[in-house]
Amino acid sequence: MAPLLEVRDLRVEFPTRRGVLTALDGVSFSIMPGEVLGVVGESGAGKSMTGAAIIGLLEPPGRIAGGQILLNGERIDNLRYDQMRRIRGREIGAIFQDPLTTLNPLYTVGDQLVETIQTHLGLDGAEARRRAVGWLEMVGIPAAAQRIDSYPHEFSGGMRQRVVIALALCAEPKLIVADEPTTALDVSIQAQVIALLKGLARDKGTSMMLVTHDMGVIAEAADRVAVMYAGRIAEIGPVREVVKHPKHPYSAGLMASIPPLDRRVEHLAQIDGAMPRLSAIPRGCAFNPRCPEVFARCLVERPALLATGATEAACWLYDPASEKHAPEAMPHG
Amino acid sequence: MAAIARMLDSDLFWSFRRSPVTVISAVVALICVLGAVLAPLLAPHDPFDVATLNLIDAFKPPAWAAEGDRAYPLGSDDQGRDVLSAIMYGARVSLLVGFCAVLFSMVVGVSVGLLAGYAGGAVDGVLMRIADIQLTFPNILIALLVDGIARAALPSDVHDRVALFVVIFAIGISAWPQFARTVRGSTLVERNKEYVLAARVIGISQLRIMLTHVLPNVLGPVLVIATLGLSNAIISEATLSYLGAGVPQTQPSLGTLIRIGNDFLFSGEWWIAIFPGLALIAMVLSVNLLGDWLRDALNPRLR
Amino acid sequence: MLAFIISRILQALPVMAVVALISFAMFAYVGDPVAIMLGQDFTEQQRQALVASLGLDQPFFVQFAKFIWNALQGEFGLSYRLSRPVAELIQERAPATLELAFCAALVSLSIGVPMGVYTGLYRNSWLSRFFLTFSLIGVSLPTFLIGILLILVFSVWLGWLPSFGRGDTVQIGWWSTGLLTVSGLKALVLPSVTLGMFQLTLIMRLVRAEMLEVLRTDYIKFARARGLANRAINFGHALKNTLVPVITVAGLQLGGIIAFAIVTETVFQWPGMGLLFIQSVNSADIPVMAAYLMLIALVFVTINLVVDLLYYAVDPRLRVGGAKRGH
């Protein structure tokens, strides 16, 4: 089966006063039809940036400086603004982090839904409104037929995020880019919203890129997961594999820092140090200053994603050619 | 040395150098200030020395015009005064009034703001209500009103003697609420910070806390308001003087010169009003540009 | 809705009260009205008769109450300078000022808002840069200087437009209008542009700043992510949100027009209330100053009320009183 979305060697740059910063570097992955790909990492790792690049809404002065993004085998990274506009909402829907600020306060939720439906599906007003009510019911808004004429401030945070989900899905896109969809919500509501998203995606056969820093959300909803670090993908593979048997030392550290539910632990592991700033990414592997397994090659050569069993990891540990733990042996070339 | 090096490397200086408009306006502002301050040394004539005035020299057009006279680079007015010299002396008055008025409103506004923010409660309520009411009215109206009341309340000989102070007071009192509001806002934020609470607990006096801890933290925005306030004060003074309500005729400011020149606009002697006008624009525009730059440079969100 | 209006009126009352107190204090304590009204030769009897007829021998509160009572009926006494009832003078001058202010407001809003929207949307285009430079010069030009420059170019050099007065006016009841004659309209052009220019640049800069602010918000990003057309995003979502704060400040700025009319009327010798006021300031004509102050306060308070009502109409969050926000 051909992938729905394919990202190849994506590179995003920000020109700044102190030189050009590379925010994303050599990011490659694909999403199959109906698949949910989770993307995790610390803040600043480039998760949200990847999502913004896919929907073509990078914040200026950020720009795609290299690589390709393909939807159904066709490039969408080089489209003109107006061509891309027709894809946004219709082919790729987006969900943002904070439902309190995502909805326009001066329009009713019905106005915003009808507007989106009419823009993409060309329906008349009455039909668009019928569908809008239908979507509100589908995302679990009680008394949808009355609530459709309410303004956003008349809904609670959780309800507003449901409205946002309805807005993202109402033109029936094939892919949803959900950027931290539960982070701003109360813990008690997070699970409901994730369950709703997962259920709707399954029913409609929609693929999803689920950006989050919450491993619990990934474990709950995703099929595969990509672990990002300093603008690069550290490891990508099926969720179970990455959680149970992380290959990259960074993923391993990340998983070890999650409190297990089934047993008591004295203290949680933590990774020493902090993720480098974009202006100070070290040569070789970006993780090398913090990596417990670092060796000579990691300091000079940047690892690409290497297949290791069920997952792929960007780590020289998995290259048979690496002379492991031999700092005195200088790499050739 | 180290301090200068640090200054040259700072973000503020970097943003200054990067903006040619700012550099140019700084140069223009400097020329205006120097020309005004050093007027007695630099001006070709002394416009207040009646002995040197000669009606034969009246209404000379600028030097580059056909009947121009090199001795009067920007022409002369109805009494034979050199327009350039009059502008330099006039700018002295305009700048003096502007600076003093801003200083006055700054002192009043910052004190009221600190007091309101720090005391809170009824004091805060009353002071801010007064500021609100005053803010409802444009500055120029307040200044005119204060000036009018002073004119009515003081005997005319006393009024003429203190006219300059009346104008400074009128303009200064019209602009204090902007300072007070900003300072109050910042003070409220600072007041509840732990170091201020700590200082209070160990018994440092309230006044001292305000002056040593809170004040330095509000200086940035105050500086921006003061810079933009300076151009407003200069405009207010010019407007008052143009309307005949400002500085006395014996000490003509740029506004007074424009008022005098206004009468000769129709008879063709445009330079008497227009050159002081251009000087006023150059002064205000350069100060405004500097103020804009300072505001953007000190506002981290816009950087 | 009614409760909203009433609460706003109640908030406006203290402002009016303070202004009335200041006006009264001016009226009663600044200068010596008796001496001014009597002139050079008078007997002690005449003086006491005048003091009694003006009520100056009565206690403060009685005088103040009387002042308020008279003010409510539009009664402000006689002008020291012109020896005519102040109310009559103001009624005579009001149409000229109001027509001028209206035209100036029209100029500043109809040009300032589109310029602000344009510069907000296309912040890097050369036309935006031009507008911004223009606006900076606009705020740096004192109103009277704009007037003088316009007179120099359009009246003295080109001879296209008149430089002073209202031209021919038509009397409709007590209202004299210059809007119905060609010379009246021509006479309005330069003063309106002069008076509107400063507000125009302010409104433009304000709309631009708000527009930039709104375009950065999440809901605009989300509107883009929903694939809405640019037109719908810019003129529907962004502009409507921009208008909320713009209404407030623009309303207050329109109040400023009334104040700056003083300057414009002086430059163009426009026979309005502003010219009357400046003449009273120069000759310490307190009754006219007091009346003008009260009138201006009333105009400002009314504008504030209208602004609040507009605000109420635009922003649904105000309509549901104290609606819950947050999670």
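Observations on the model:
Should a chain be cited, it is by its letter among A, B and C, assigned in written order, with residues numbered from 1 in that chain.
Just so we're on the same page, contacts are C-beta pairs under 8 Å (C-beta built on N, C-alpha and C of every residue); 3 or more make two chains touch, one makes a residue touch a chain.
Note that the coordinates shown come from a computational prediction; the quantities given were computed from them, not determined experimentally.
The chain with its CA mean position farthest from that of subunit B is A.
Just to note, of B-C and A-C, the chains joined by more C-beta pairs in contact are B-C.
In this assembly, the C-alpha centroid of subunit A lies 54 Å from the C-alpha centroid of subunit B.
In whole angstrom, the spacing between the mean C-alpha positions of subunit B and subunit C is 24. Separating the CA-averaged centres of subunit A and subunit C is a span of 54 Å.
Residues of subunit C that touch subunit B in their complex: 14-15, 18-19, 26, 30-31, 136-137, 139-145, 148-149, 151-152, 155-156, 163, 252, 255-256, 259-260, 262-263, 266-267, 277-278, 280-282, 284, 286, 289, 293, 296-297, 300-301, 304.
Across the interface of their complex, subunit C is touched by residues 55, 57, 81-82, 85-90, 93-94, 96, 98, 100-107, 115-116, 119-120, 151, 153-154, 156-158, 164, 167-168, 171, 185-186 of subunit A. By the touch criterion stated above, subunit C contacts subunit A in their complex at residues 217-219, 221-230, 232, 236-237, 240-241, 244, 314-317, 320, 323-327. Partner subunit C is touched in their complex by these residues of subunit B: 129, 133, 136-138, 140-141, 144-145, 147-149, 151-153, 231, 235, 238-239, 242-245, 255, 258, 262, 265-266, 268, 270, 273-274, 277, 280-281, 284-285, 288-289, 292.
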